[in-house]
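In the two complexes that follow, chain A is the common piece, with chain B as its partner first and chain C second.
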Partner chain A sequence: MRFVRSSLKFLAVAVLLSGSSAFAYPWMVKHNYGACGTCHVDPSGGGQLTSYGRAQADVLVQWKLHKPPVDKEQEVPRSANFLWFLELPDVVNLSGNFRDGVLVRPATTAMPVIPLIMATDLYATINVDRFVFHAAGGFGFRNEVAKAIVAPGCNPVTTSTGQCGPSFVSREFWAGAKFADEAVMVRAGRLNLPFGLRNYEHTSWVRALTLTDINVDQQVGVAVSYNSETLRGEVMGIAGNFQTGPDAYRERGYSAFAEYAIKPNAYVGLSSLIAASKADPATLAATTRHAHGLFARVAPTENFALLAEADLLAWVSLPSTDRLGFAAWLQGDYEIMQGLHVIGTLEGSSQGNAGETVPSLGGWLSASWYLLPHCELRLDNILRKSPSASAVDYSLLVMFHFFL
Partner chain B sequence: MSSSFVRVLTLSVVAVATVAFAGWSRSGEALASFKATGPAGFKIVGATKNLDIKDDGTTLTVAIKLTDIDTDNSLRNKHMLEDLEAEKMPACSLTVPLASLKEDGKDAEAKGTFALHGKTHEVTFKYTSSCADGVCSIDGATDINLKDYDVKVRSYLGITVKSEVSVTAKFQLKK
Partner chain C sequence: MVRLLTASLVLTGAAAFASPVYPADIQTHLSLSAPPPQSCSLCHVNGVGAVGTANTLFGKAMRAQGLVLENPTSLNTALDALATAKTDSDGDGMSDIDELKAGRDPNVADNADGGTGGGGGSTSPGALTYGCGSNEVPFLATGLGVLVLLRRRERS
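Right after this comes the complex of A and B.
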């Protein structure tokens, strides 16, 4: 009985804290990778890597004390293969994404240290000529992942524990076709919403308040992406998230971004999203939410990347409620040496709630070490102050991430 | 207008043109770079600060060693040097008749001979030059096609760069 109580307690706390399945590195702009589709299966970046991307992960991302001499560089690093050794035929791309960690919240007396299982996803992509078929599936057991649960069906509100329990989760599944020398890709299925920086800190306010993270905010729709040397972008028509219900909760609308290279090392972009549902899951009121903003990626030096995003937010629930807010993010990523990053971030937000006279503010001090092929160890010190809280909330997130 | 005046004018123009940029050598910082593109917005940028500039009295030659070019990716550097057969043909250059260059040219155009992979090909390049106190700053760019130089570009893990490559050079000259 004690074990059951402990388990439920663990689950209850874990509900409040979401993990991430995401990995996307907008700072690759430092290496002249402004477009994402060369290294990622998703043409707008994030998630599963292509064969080329896997090789670059070993060449450019992995920690190296000394870069090998040109003549010693391996043609395709063996460790870049699936499972670190298995060479797959061109038509098949298999991978997996595992992210585990520990969250430490010293000010919390109930459970100051919480182990996290953030992602246990397997990826499969089939490439046949211009056609691409992609699916991701895995295991998740948190309410936060409820948005992506396939089976068993779960509504945490109606369960006796308030939890969804272990479930099969599928964040993405789509089919697509490439045109115009792969510059254009049309996709249909469950997709990441094209919006802003595709940063993998999914709890960042720019991702959490726009509901555009690549952890669990995917929706079903049709998207067209374009990638050229100087311009990239994607427009998606949103049909809703069919892994939640009832239908009144589902959003319909669009999400889009366009990004232009003003210099080889400087990119600026615009994002826009309007999505309407008949019932917001929290307020049950018919709500149309807007997010419109700017973002930028700049690499002033070979070792430093600056990522910025600012979004204006609006929630319109006619005729009574009309809230305005914002979310902003400024991050500097300094690569001390290849594979070892120190990252500083400032963020702010407002949800326009009554009595919210000052914005929420946050600061992150992080370090990321790509210690082995396919592996990353990351520390995030996160300080956040919301208007309603009397003190600054501090949490330390320690993550170990590897992909197959 | 008398024919002798025209003759004098013509000779003057020729004389001015041929003395422009005569007797110059490199001064200060320099940068040569190339940009190659591929599918889905893929691009490769390679650069070197080591430019060798020679003025033989009639032509100006800007040359680089291929091994000096860094693409910020050691494997890619290896591929580039292999594809360009840099061991056998280690240099790349642009040779321009001095007479065709203007000391104060804005968005000017000239023709030169681009040498790569043991082949030469005439190219038209654009440049901007400005001179002050005996020092001239030059910023030029041209496009080349690797097929013109018999360079076979590999396909690596599904990515193949296009044969059209843009090349730029920025440097200063002094007398």
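Right after this comes the complex of A and C.
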């Protein structure tokens, strides 16, 4: 136990002295740190934090009016532990992720205010030598989490509401092994698809249209990841989402990304995904889905990060249907003071449908406040205009996020 | 915090991004024997309802007739308007409402039944369902087996 605490102290001090941080969020590029697996159990980022990542969340992400003196920064915050106080042995990593909120849509008369449960997950990870076993489980409601539902089995058509009820959901579960001094990791199980920016705005078009969001778009497969200071990437063979059925709807193919550090504060990457199913859920036709694109993360200053992604999309249903579209995302994250962010985002998309002569456009104005250890309060003003709509759709998302 | 979570859990009986009762409402309004087998996919691209994804051919036709989120009255009005106009979104010769009544998909043109319509229902793979059962066990067993072999090899 003493060794763990000492190691954490050493890591925290090392990172603080070098002015670096970890990829708890894509905008953490502003702190010049390249290896996602240092702070996240998933080597490509997102989801459960390692004990080091938890410490960094409190040291570098949490709101602070004034930065503490250097000698105090060297102390690992006690709140970085599980449940804010419980120090666990190295072999076990337990935590949880909870996101709740309210969606306000003033122009909608029927339900202008909608309470949301976005995530209620508990995480468990076991580390044995080079081997890692990870699982996430929680509950969710209706079709917003349908793709992650484990039990009870649900067929919306047979329910009186046309929706699934409260269900146990599991977004991720996998087993992995690390090689080459932990630079390479092989995993098998239900995984996030490696593609583009792993941003938390899962309704963003770059995530929703490529079906690579970390809310519900995990699939079963085998992945190989590589992480070094200047290069990181992951390739995954997709065997399908076995929490949906029948088999005709399941996709088979691959998803991959590679990201290169031009400078410590500038990263560029490319992504590629091809997945085929015998029945697209929307058209029921055999469809091969393509998504190929570029993404970048640049931090011109210590307080500002730019995140960009542009993806070309194609839906091929031979012999007659071939739609081309795109999804794009440009986000600026300005940290007014540690733990208080103002975020502006522009996005665009097209799904290549007949009559879609102009793209859909959107804009987000957001604020994020990491007010307490492991806690975030976030506001998103979202404006979106689709070609077929006569007016701009406005919604306000108020989200409270905390992790154990 | 506990109170906030509890309140959210209690309040979450309401719908979130999509309009969860619409498939059942379509069944009632058109006197179908069951809700449309496409469920959310009837209107929503990618199968899961969310704001901004009601972009299938049928979904667009309904929105053009005034369908809005969380408003069953607008749903019924739009269905009636499509019936009056005999709208045929997929252009296969059978109107959208007739296709729904025949248990077919108004988004998919399928001329296999004679060249003048029929929708895509004839080759339907079945309704999309959620929940895994034991589907993933073979994959997990394989993965775990590989890891056990690696560990044994390492020890030896």
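Keep this in mind: the second predicted complex is superposed on the first by the 378 of 404 C-alpha atoms of A that agree within 3 Å, B and C clash if a C-alpha of one lies under 4 Å from a C-alpha of the other, contacts with A are read in each partner's own complex, and residues count from 1 in each chain.
Operating definition for what follows: contacts are C-beta pairs under 8 Å (C-beta built on N, C-alpha and C of every residue); 3 or more make two chains touch, one makes a residue touch a chain.
In this text, all values refer to a predicted model and were calculated from it rather than measured experimentally.
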| request: Answer with clash or fit: chain B and chain C placed together on chain A by superposition. | output: fit
| query | Touching A:P264, do we find chain B (first), chain C (second), both, or neither? | reply | first
| said: Quick check on the superposed pair: does A:V61 touch chain B, chain C, both, or neither? Answer first, second, both or neither. | reply: neither
| request: Would you check which partner chain A:R190 touches, where first means chain B only, second means chain C only, and both and neither mean what they say? | output: second
| Given the touch rule stated above, what does A:G153 touch, chain B (first), chain C (second), both, or neither? | second
| said: Applying the document's definition of touch, where does A:A305 land relative to chain B and chain C: first, second, both, or neither? | reply: neither
| When the two structures are overlaid on chain A, which partner does A:M399 contact: first (chain B), second (chain C), both, or neither? | neither
| query | When the two structures are laid over each other on chain A, which of chain B and chain C touches more residues of chain A? | reply | C
| remark: Min C-alpha distance chain B to chain C after superposition on A, in Å, is 20
| task | Name the residues of chain A shared by its contacts with chain B and its contacts with chain C. | result | none
| query | For chain C, which residues count as touching chain A in their complex? | reply | 1, 4-5, 8-9, 11-12, 14-18, 20-24, 34-41, 44-53, 55-57, 60, 63-64, 68-71, 105, 107-108, 120, 123-133, 135-136, 139-140, 142-144, 146-147, 150-151, 154
| Inside the complex, what are the residues of chain A that reach chain C? | 98, 100, 103, 105, 108-111, 114-117, 129-131, 141-144, 146-147, 149-157, 160-164, 167, 173-175, 177, 188-190, 203, 208-209, 211, 216, 220, 222, 239, 242-246, 248-249, 278-279, 281-285, 351, 353-355, 360, 384, 386, 388-389, 393, 395, 400, 402
| chain A to chain B touching residues, read off their complex | 31-32, 34-35, 37-38, 43, 50-52, 55-56, 59-60, 67-71, 73-76, 90, 178, 181-183, 185, 227-229, 232, 264, 302
| request: Please give the residue numbers of chain B that touch chain A in the complex, ascending. | output: 35, 37-45, 72-78, 81, 156-159
